[in-house]
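Can you read through this structure? Questions will come right after.
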Amino acid sequence: MQISDKFREECGVVAIHAHPEAEKLAYLGLHALQHRGQESAGIVTSDGERLRAHKSMGLVADIFNEEVLTSLRGILAIGHTRYSTAGDSALLNAQPIMVQSNKGAIAIAHNGNLVNALAIRAKLEGQGSIFQTNSDTEVLVHLIALSREQTLPDAIADALRRVEGAFSLVMISRDRIFAARDPRGFRPLAMGHLAALTGEKKDTVVFASETCAFDLLGATYERDVKPGELVIVGPEGISSRFYSPSPAQSSCIFEHVYFSRPDSIVFGRTVDLSRDAMGRQLAREAPVDADIVVPVPDSGNTAAIGYSAESGIPFRLALIRNHYVGRTFIEPQQSVRDFGVKLKLNAIRSLLEGKRVVLLDDSIVRGTTSKKIVRMIRNAGAKEVHMRISCPPTISPCFYGVDTPSKKQLIAANKSIDEIRDYIGADSLAYLSLEGLKKACAEGEKTTYCSACYTGHYPTKWVDVEEIQPVQVSE
Amino acid sequence: MQISDKFREECGVVAIHAHPEAEKLAYLGLHALQHRGQESAGIVTSDGERLRAHKSMGLVADIFNEEVLTSLRGILAIGHTRYSTAGDSALLNAQPIMVQSNKGAIAIAHNGNLVNALAIRAKLEGQGSIFQTNSDTEVLVHLIALSREQTLPDAIADALRRVEGAFSLVMISRDRIFAARDPRGFRPLAMGHLAALTGEKKDTVVFASETCAFDLLGATYERDVKPGELVIVGPEGISSRFYSPSPAQSSCIFEHVYFSRPDSIVFGRTVDLSRDAMGRQLAREAPVDADIVVPVPDSGNTAAIGYSAESGIPFRLALIRNHYVGRTFIEPQQSVRDFGVKLKLNAIRSLLEGKRVVLLDDSIVRGTTSKKIVRMIRNAGAKEVHMRISCPPTISPCFYGVDTPSKKQLIAANKSIDEIRDYIGADSLAYLSLEGLKKACAEGEKTTYCSACYTGHYPTKWVDVEEIQPVQVSE
Amino acid sequence: MQISDKFREECGVVAIHAHPEAEKLAYLGLHALQHRGQESAGIVTSDGERLRAHKSMGLVADIFNEEVLTSLRGILAIGHTRYSTAGDSALLNAQPIMVQSNKGAIAIAHNGNLVNALAIRAKLEGQGSIFQTNSDTEVLVHLIALSREQTLPDAIADALRRVEGAFSLVMISRDRIFAARDPRGFRPLAMGHLAALTGEKKDTVVFASETCAFDLLGATYERDVKPGELVIVGPEGISSRFYSPSPAQSSCIFEHVYFSRPDSIVFGRTVDLSRDAMGRQLAREAPVDADIVVPVPDSGNTAAIGYSAESGIPFRLALIRNHYVGRTFIEPQQSVRDFGVKLKLNAIRSLLEGKRVVLLDDSIVRGTTSKKIVRMIRNAGAKEVHMRISCPPTISPCFYGVDTPSKKQLIAANKSIDEIRDYIGADSLAYLSLEGLKKACAEGEKTTYCSACYTGHYPTKWVDVEEIQPVQVSE
Amino acid sequence: MQISDKFREECGVVAIHAHPEAEKLAYLGLHALQHRGQESAGIVTSDGERLRAHKSMGLVADIFNEEVLTSLRGILAIGHTRYSTAGDSALLNAQPIMVQSNKGAIAIAHNGNLVNALAIRAKLEGQGSIFQTNSDTEVLVHLIALSREQTLPDAIADALRRVEGAFSLVMISRDRIFAARDPRGFRPLAMGHLAALTGEKKDTVVFASETCAFDLLGATYERDVKPGELVIVGPEGISSRFYSPSPAQSSCIFEHVYFSRPDSIVFGRTVDLSRDAMGRQLAREAPVDADIVVPVPDSGNTAAIGYSAESGIPFRLALIRNHYVGRTFIEPQQSVRDFGVKLKLNAIRSLLEGKRVVLLDDSIVRGTTSKKIVRMIRNAGAKEVHMRISCPPTISPCFYGVDTPSKKQLIAANKSIDEIRDYIGADSLAYLSLEGLKKACAEGEKTTYCSACYTGHYPTKWVDVEEIQPVQVSE
């Protein structure tokens, strides 16, 4: 059940080179990346001769069992977990996409969004290509197959030069793993290794969207795949090439604000540190005389701790999450007020009664959930509610792999901050400044950030605004 | 559970043009064709604007429920039910195949096998095409998209001219249904109509592999789609063209021997009539002094009635089928002798005791099941068992859409009739002659038959012997 | 899907004494008895120390898998398969019923119906007993626990003397199997043995409702458990006692007409022989000038063969069953005429066109299905349809374990034969006489029959007419 | 997946009197109580005439859907959610237990454990009673049915006087709800009301194990059901009687330490307040020179905040929970070190590196999980790890409804604190004193507590040590 109006990440990817149980490592990696997409997941492995795939709708833990993993037994593997919008929610669009072509069998898993996919697709269709999915990723596979380059690495590099937008991707062939990031480095992709098992000569090379996957595998983080880089791991070892010069890097700052797990190193920086700094900066930018600081759990937790530390106002977990909320829930006809939020959260009266509360959250999308949470806190006896948001107002949609509602639905694109404050019923409302956010995320140290959703200034020349909706498939 | 070694048909197809519940008619049609393939099924519909698809592994009754059918609501529909060999058993290969191309969105459902698919596929891959399934049918879709013809009907005709082999196929676009048969007419495809509903002007046009689907829908059989014919049903009405001259027709005689339902009209003739005539002819060709005629149910029933009528030997249902046999079954470790056959059949001692039995079956593939059935009948007290087969010995594999084991496994390709008799433990064994079979099936009246599996003489110039196994997918 | 208005049997039971895979033999036995009840099934085993149970809604093949059977591993086992009416369809009422009492842990599986259950239940409740199911069988367990007899065999015999009605039952304790039949022997219960495995001293003793279960297990039929007999198999061997004198035996004749599988020996006689004799007798009692004899498959098959043999009119399978009919089916809103029957049956026009047809069925319950089948045959071109029923008109409900509709719904209780003929649209209609039926079933040879449903004369003094409906449970 | 060795609560109960959607309120209440038992759940409703039940294995959200709830439509309802030990994990033992008796149909849902159940059961079996479950609760139902009292309230009171131990229970009859607590008030049971819907005269009365269920329903907490009290809600209104004098109250202190949700009022006191006070008291009792305070999430959160507030050492969420951990998980053969804990928790290196850490948890059961968490924190770079436990060492099993391992497995029953510290690898280890714990929980204000698990002094005269294991059932 989607009871909170959050932005949604579209994907997580993982890749394993050379391990006798590559399929199980990919499976564990996907498990650690489950927060990046809960709609479908898939794994493709190679045993050195032949690719094998399994993908399905649902959570990683439900899709893969002992029997499925045994059938996938391989030494190389890639995996993908995905969230997608309603129209594209079919198994058809689940990844990895696996095809047979003149370059042999390959499979690809993609996090991000290609902004020139529709234009390329139209051109390829005109030349007689057929498309079996609605996914922009299928365009890439066509470009690889159609490339006049003779080797697979050259053909991949050729294809990557032709697409524009956001992509962190991993690919598998019979005997190689490929990992690449777009020239602006919108989405994360980390590289690490796992010490060789006894009797094996080489370390296992691993790639993942976030380093929390490495922690679960017991792997060590080495570095990020760089913007514009294509890393190839094969029998000959690891090689790297820059298929394209990289313009200014534009890493998605919202990975630090909300998407990534706080325990991950993303774009070279631990997410939790950024969130703590956001809270501290917010306390400096928008102080308030209050009794307690309360986070909207769990994504607001660290920023609230930072706000509390900086302001000296005590931190209290006065909103409790119900961890057993399932996907669907049956409502009484005489519906309970604020039913959806109540299912997920409950306020502790004895902590809130008579208190002036600083309420910390990471974003306001449509405003409907924030309104209910503010009301819940007031109903529990709070005297004042001061909402603090750990990033600037979101005013523009993302075209680089984040599912954002249309501009019409984004409250900050349509209302002033005062109007939003009135709508959600808070006594005061403040957002973190863009400068404050960038500072909290250490802009300029390891990366520079894309902040198009806060500014409307997009780093790519053009963006794809039409939707691809040729067919609707439910499998 | 596959407990009997039968040959297996690979597909059944159905198509509906213009009915407010086209998806439900396709669903019922598939239900009537379920015997032609129990592994996967799918339906693609058009509401006049957009194609919608649903396909899955399993039986028609399990795949489609009210909710799924509602999501498919359309006015045109095609459907497919499929059996496939182990290596290809993935959902990936389930049909219809739906694609987006420069000719718009189309979907195709195919019964048969293309004998030059591998060659074309290799050529297309060389030109940069990608293949996402292992199915020969995907080749056809590529050929349609790549055709230089401007209209979809022309492109389809163009593509059909380039493939060789067996195909009865139905296609759907936004506003049209297409139905075609290969120039030799290997596999059946019937055309009929359903009287217009009150308030509708035009009759609904229906196509199906067998006319039993028409009976369930309340539709009337008109004629077969002819070899080399492409029938197009669209807003402008029904049109027909012959995309290729038809050489001598080669209809699969095994449709009459075993595959088709006895209540169907196939190649213009009711199957049950052929089977009755096979039994009568067999009684003339291979008479025996016996007490009762017993069929291996249900496929041997009608031939046994014919044998009994011609010979005057009483017909008895002395083998009883268990209708609740599921797909999997758990065997004791101290396994019951002839466990598999016993699960499916039981012999009635009081009918068999002391009797000389004529046992009628439609074919012997590997011989293992026949051996167990003969033993079961002897154990029930039969004094003599005379096996009679209602077709000639099968000595060659089929390349036109029937799943046959390799030549090594075909008992009649490796043993003489006397040796087979000894192997299965019968007192005598006789097969129907090829001439007798053709006569029983009215050769020359409505069609001429392909009998390559009995003779090794294939009507097409060449056949595809390699398997396509690029990847193994389990979804 | 229940598309035919047949009477329904309520149960099948099986028991195994001393086999290292008793649970698997019980499972196979239930499989062979699946036609006696498709709603729920269960098995209870003992490993010599402890009872283990598994029961669930559904078919035997779906309820039990390798994992479940492994968890039930035992050396003794009983099993039960059940059909029940809507109000009682809960898992709660699935059998075997297992309880802990002062006689130790026991479980019971029951085929039949106790006619004084309500009266006993009321009395026991008055004394403070609690009931957790709606089943008459629970009464028996209470009586066993409350018996003042010291040993379990004595307590069982004591309890059996207190109940009246129809019961063939098997019970299991830690180390014994019990099998008993009511003094009138309404329902069948056969006893057999399986040769000892190598290394075992004693044969395995098996009990089952029908001998077709023995055939599947490879067991040999010995004799029926006798009316009024309690057979006990334990460490000391097999013993038998007659807990009650048996009045005239009243075996359910409908077991021979319809319920039992034709390959079973029931009440000492092979069912198929009875059905053949019914057809022959019917041909003598109600001859007709016709061209072909056609059964309603499969239950009318043997009687039709008999009718054909006696009359000399050719037997033809002109109605074909669709073997893939599932439980639920989605109908178009513009429903196909006679949809339900068409899903299950189809008529072969080329066999029926212009023919005078004798149509053989085993019973007419409400008449609605017969009406549709007669219409189907006429629509396929038959000139005349002469319906012949292989038993007398059913005019009274059964209280001995058969699910019959109320008297209001029984067409023969409310209409004359001429009226029924007109209702179903046949040219003529004839039922077998009661004398003819009894003769066909060899009345007096091995047993005498109950024919209360044809006469309204019930062999027990009184019957339970109220329903037990304390609570409705869905589990 | 049980990866942490926590003590487990056995049940949560809820009851609703008079609401047009009583079944949905019960369902929501169970949802809020899901943390008290995740193995099975059930609801019994009454529509004023008849009881209806549904219970199954699994989570509340999976067991109940729209269709099931519709079939349960009623105006009174009780619900139960349950955890149970392996041997008793069958659906058979799921609650509520519903029976038919001379007092009419009743159902009961029970949280707690009867310590004299075995003795009563033996006596009842000796008198001929049968038991169909392994649950102590069934004893209560027998006692009610066997009571000589004429009315149901009197019979219930009579039965409650005969049992000893811990029980908070709710019951439903055709037209009444009953709620009772044992005389020592071991387990919680709160009472509240929901304002009458428009058009209804009376408020809806609700009972639940914890008040967080009231918050979700929008109900108001009034008071606890008192020790020794039986509350009856029926057509005549609410009445109360004390069926037994209450000795000193012995409320389970572990409800405040771990079981209950922090947002619940339990025994009259908000749980979160107690936990904050435990942390503060622990900081006073066991101070340490350190850099950060880190909770084991989520149960250690509030105590850690209290410890931080009292000590001035900063609070950091340096252990991150993975919220997508399913029940089963497939491990690589070359297993990842500390696999189980890593699946659930990850440490943030950048927060821990070089730090002296106070690690707060609520209990140590076997010590294995604590050892892994300490190692995880050290591996993330912590310089020192000081473990602090917010209650005293657990040295004795609970017989009042908490699932504790045997004394052999309780690390604190077998090792000194120094030995435990060495075993888990911490630099220091301290437990909260019993006096400190009681003070934190406001002993004496609203209740007095049972602390038998810390002292071995049980408030009841005797306890049941044998297990009831007559039969093993898997349904």
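Should a chain be cited, it is by its letter among A, B, C and D, assigned in written order, with residues numbered from 1 in that chain.
Going forward, contacts are C-beta pairs under 8 Å (C-beta built on N, C-alpha and C of every residue); 3 or more make two chains touch, one makes a residue touch a chain.
Quantities reported herein were computed from a predicted structural model and do not represent experimental measurements.
Enquirer: Which pair, A-D or C-D, has more C-beta contacts?
Expert: Most C-beta pairs in contact, of the two: A-D.
Enquirer: With centres defined as the mean C-alpha position, give me the subunit C-subunit D separation in Å.
Expert: Measuring from centre to centre gives 48 Å for this pair.
Enquirer: Round to the nearest whole Å and give the separation of the Cα centres of subunit A and subunit D.
Expert: Those two chain centres are 37 Å apart.
Enquirer: Two or more other chains in contact with one residue: find those residues in subunit B.
Expert: Counting only residues that touch two or more other chains, subunit B contributes none.
Enquirer: Which of line, ring, star, complete or other matches the graph of chains that touch?
Expert: Chain contacts: single closed ring, each chain with exactly two partners.
Enquirer: Taking the complex as given, what residues does subunit C use to touch subunit D?
Expert: Subunit C residues touching subunit D: 50-56, 68, 71, 91, 97-102, 105, 125-132, 141-142, 145-147, 470-475.
Enquirer: Name, in rising order, each residue of subunit A that touches subunit D in their complex.
Expert: Interface residues on subunit A, with respect to subunit D: 20-21, 24-25, 27-28, 31-32, 34-35, 38, 59-62, 64-66, 69, 197, 212, 215-218, 261-263, 265, 270, 272-273, 298, 301-302, 305, 309, 314-318, 320-334, 336-337, 342-343, 346-351.
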